[in-house]
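Shared chain: chain A. Partners: chain B in the first complex, chain C in the second.
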Partner chain A sequence: MADQTSHGIGGLTFDKSKRSWPNEFNVFLALILIILLFEALGQILPYMNNQSMLFDFNDARDGTILNMARIKIIILQVSIIGIISLGVTQVIISGGIDLSSGPLVGAAAMIVMSFAQTELVNGNPNPKAVFGAWSFDLPVLVPLIVGLVFGAMIGAINGFFIAFARIPPFIATLGMFLVCRGISQWWTKGQPVSFPTEGYAWIGTGMMPVVWFIGLAILLHLIMRYTVYGKHTYAIGSNEEAARMSGINVRRHKVMVYMIASMLAAFAAIVLSSKNLTAQAGMGQFYELYAIAMAVIGGVSLTGGRGSIIGTVLGAMVFGVIQSGFTYIKLDAFYQLMAMGAIIIGAVVLDQYRQRRAAART
Partner chain B sequence: MKKTLMASAAAMMMTTGAWAQDVGVSMALFDDNFLTVLRNGIQEMADGMDGVDVQIEDAQNDVARQLDQINNFIASGVDAIIVNPVDTSATEAMTAAAEAAGVPLVYVNRQPINVDSLPDNQAFVASNEIESGTLETFEICKILRAQGKGDGARAYLMMGELSNQAAVQRTKDVDDVIGMDMCNFIEIIDRQTANWSREQATNLMTNWLSSGEEFDAVIANNDEMAIGAIQAMKAAGLDMDVIVVGGVDATQDALAAMQAGDLDVTVFQNASGQGSGALNAAIALANGEEVAQKVYIPFELVTPANIDGYLNQN
Partner chain C sequence: MASDMQTNISGQEAPHSSAPLGEIILETKDLTKHYGGVHALEGANFTLRKGEHVAIMGDNGAGKSTFVRQITGVEERTRGEIIFDGKPVHFAGPLEARNAGIETVFQTLALADQLDVPDNLFLGREIIKWKLGPFSILDYKAMRQRTLDALEKTGVKIPNIRGSIERMSGGQRQCVAIARTATFHSKLTIMDEPTAALGVQETAQVENIIRTLKEAGEPLILVSHNMRQVMDLVDRIVVFRRGRICADLKKEETNGEDVVAYITGAKTQAGYEDAA
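Then we have the complex of A and B:
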């Protein structure tokens, strides 16, 4: 008589050798590894005087054994690109790509900031005023809505061309990349837009970018994990044809995916311009690439259908740790980009290796 | 007197009115604050002149695109070309192309590598970068001395894009000034790049602050980075009256920060003056007049003492 317990699931049995831990765990391990590497360098390098990266036993500074200032900046400096990469993650999971997010940040920041200016700067009239008197000291809701509507519009255009005109996502969003950079330059003919209202400045003050990032990450995680929207996104990314035949409205869904991604990028622009108290046409340069890199380091597969928000958040943390680690060990500015590039490639190579081994086991 | 005025006015009408001057301008980058002021300087001056038409194009930081633009200008028969070079070491080909076609060429703002071997109908208009970093650092040195820190002060140095000539020169200026006997009490704790960007400077400064080192000054290659450093220090609760912060450019944002008592030193580079200077030189060359091959528009130090004169300049 055959094994009763395996009968109902097509003869599958529990096999220890096929057990594997979740993908996010690897990213977490890599994060720990990189932190340990920097801690070790702190002890080895002669000019570092045995400083620690994350710990600080001098109670006088903040009363904890952790170096809270450094832990805060590690997360803070990746929060804004992190918000973009949340949107990019679901685009990549759906089998697409979004290259337009960086320039969209520039364009949205310029437009939004024009609706968030104050009338007086140190008692003088605002030297960077874009519109007339009506646009000064508007309630903070106005720039917020303007920004999100602009983002939704750009995303809808992206989604329309990808889903209905069947243009490859790479090309459609590359075109939008140029359009958005053009908009950001044209808006004020290259002049920066500065001096926002206090209400607007609150959005990005202090650790607020982290609050937005973590809050949105939890929201996106719940959406991707537990809602029909999330399930459909994974289904389309895994096998678009199969998803279509099982009754998913693939076209409409894709438009929504790109709209959400662009709204998140527009929100990132709001946080960024608020944090910096200025909007500049060149803002957001390379953000699209960093956002994609964060997702990929976090285990999101560029072929679609695989990855998670938790992974992307961890990927963002890897970036933050590397960035702060370089300053902490005072790595010469000339080597930083090279080292960062090597780490990105190394992380993905390791992930691919693990994928292949996992595939070989089953 | 009246007669000569009339005569010269008539002469001007002859030269500019009879043959309208078309000037092609290739800017390295449109989305740069400083270059935008310079570009507007060219545009405004041209708008105010009769018979001068400028066509301004964006090379988008691409050397090849810039050379294409210059060749297109030559092909469409412009009377003179103004180039704000993307890469100052790639100007030989541009000089050669314009020289072969006999079209006058003026380099603006960034010093071309062949500045000493330019043909007669080519010129260079800019400010001398050696002045900017030197004025900035020397003023910081004087303020630190006045604070009584003449026997030891520590500073962080924020550099612009590492591939950029101005960043390299201003950084060298800092090193030169603190190499002088009067200022060698300043020690640079660390030097990093924040790529001219306020956001990156805020993050870099916060990272520096997290190491808990004592410091007295932040020297930045431009104002945007100085403002980023100020925002990070204020967020960490540091007293901006004590810490000396310097930048370069005298942007509106920087002047506001100076009025608020946060920024101590900045340096005004007359962008609009460089723009109009370049157009002047281009028109003069197109008219076959003699032009000095190196025209320097001086940098000017801006401190809270003389800030009022600069509020409406940029």
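Then we have the complex of A and C:
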């Protein structure tokens, strides 16, 4: 009888100590390397005056040898896009793509904020009021539910066209990209929506975005790793036909995948508008691309079936360090965009290379 | 009185098998599948009785796998009727076929490359620790244990069942697919070329699994190109040619040469002239 500890059968040797590194470890190494690279640039570049990016040995300032202020900013600035990237990760693992998340952030922020306004601002009527008196000072649950339902709806439409009408995910979500941008501009004809209730403002205050990001990352990690939903998502991205033949309801599952992705994007919109205390039609620009980039940098394969939430979280950190590093070495904003583009392409090239190498081994 | 007569007749109808065959488990009438202009399967009338093992033979492209795909609900048939376990069935997908009791090893194996062996074995019917709808928690430990037990029966050698399937040899993959059907009890098992990539030992093991099914009285449809295997294992051979059934031969009344003649078209059985 096979015993419980062995993972092999038939007497072939398997040396557990020689197991290959999980891919997440490579991403972690890349993160370390990139930090070292920026530290080195800080020493080499003449105008940097030997500043360090992440270290600060004058520990009188915050009691650590780290520059906690900058580290906090790095984590804070990836958190909101990070929440989107968690949803995008499971979409890509299922073999799809979601380009609609950025504009969805804009549209969801506008709509949600309209249900989160206060009546009086410094004793005067709210100058940005969208609806009438009934919409003022609603419990915070109302805008939350409105946002999540709106996200679920957009995701369901994406999923329906992809799974049932068999439209390529790229096209379906590109269409939704434009629709959502349209919604966000039409909602108040371009006017920002501002002055939320205290309860709503709490959601994105201080380091709360980081708390949401970490909490949701843990939740999504558990779902992808330990539940039937996660297993089926990997199976569909790995071999959709086999998944179907194994009796998985592939279409229904895909709709769920896109719904969860859009709900996460809508939640990101809530956190973002709460943090900024305002919603603007242009919010979320490039977020869909940055979210995809985080996943791809984290080792999520664009061909599906491969990747993990841990990888994406590390990918988000890499993304944040690079973005912050560019600012730290005083790279101009337009160079930053170009460099970001190059890094995204580089990550995909690396993914292709890994695929080919994996294929060569079989 | 009448029921006694029934038993007698069905007993007489199966003189070629040691065990008396039971009632009909699967019947197809005029089963047809066209892919656009390709008439892959044309008017197949086929019956299988409980406990019976039938081989389907025929050249490449004869329509064998197409026949399997219609029965298992993978594709939607162009026309015809399928009666399974006494009822006409219209499986909307493989899950319904499986829930009705049909276990299938597909020729394409239907494995998810990036998943490991237990994941594949239990794909679509995972063992669950806590039931929470789509977010039910998987019982990895139980699935691993049952995987090892199931694979032991096939005699396959796999160094690490937690490695992804894509790194495994063709034969190992095939054994995983076979173990997947052998693990679950069924009313009908279908295997589409289950031993095509297997070594001598593994083939023998798979043939043993098939014999176990026979002893347990579970009916089987075996698609195979291996004449020795077919002659060893089954009660009856159905030959497909260019999408049509061209012969239905009891094993006792035929031999390898005869079957080859039907496969190549040198001979056509009386009653199947339109397949010529």
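In this section, the second predicted complex is superposed on the first by the 327 of 362 C-alpha atoms of A that agree within 3 Å, B and C clash if a C-alpha of one lies under 4 Å from a C-alpha of the other, contacts with A are read in each partner's own complex, and residues count from 1 in each chain.
In this text, a residue touches a chain if its C-beta (ideal position, glycine included) is under 8 Å from a C-beta of that chain, and two chains touch if they have at least 3 such contacts.
Just so you know, these numbers come straight off a predicted model, no measurement behind them.
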For this session: Examine A:85 and indicate which partner it touches, taking first as chain B and second as chain C; both and neither are also allowed.
Result: neither
For this session: Please indicate which partner A:122 is in contact with in the superposed arrangement: first for chain B, second for chain C, both, or neither.
Result: first
For this session: Classify the contacts of A:238 with the two partner chains as first (chain B alone), second (chain C alone), both, or neither.
Result: second
Exercise. Which of the two partners, first being chain B and second being chain C, lies in contact with A:101: first, second, both, or neither?
Worked result: neither
For this session: Please work out whether A:192 is in contact with chain B alone, chain C alone, both, or neither, and reply first, second, both or neither.
Result: first
Problem set entry | In the complex, chain A residues that touch chain C | 1-2, 4, 6-14, 223, 226-229, 231-232, 234-235, 237-239, 241-249, 253, 256, 305-306, 358, 361-362
For this session: Going by the contact rule at the top, pick out the chain C residues touching chain A in the complex.
Result: 74, 93-95, 98-99, 104, 106, 108-115, 119, 123-126, 128, 132, 134-138, 141, 144-145, 148-149, 151-152, 155-162, 166-167
Exercise. Taking the complex as given, what residues does chain A use to touch chain B?
Worked result: 51, 56, 58, 61, 67, 69-70, 72-73, 76-77, 80, 106, 121-122, 124, 127-128, 181, 184-185, 189-192, 194-195, 205-206, 272, 275-278, 280-283, 323-324, 327-328, 330, 333-334, 336
Seminar exercise, completed: Note: in the complex, chain B contacts chain A through residues 29-33, 35-36, 39-40, 58, 159, 162, 190-193, 197-199, 202-204, 206-212, 224, 228, 231, 235-236, 251-253, 256, 259-260, 311-312
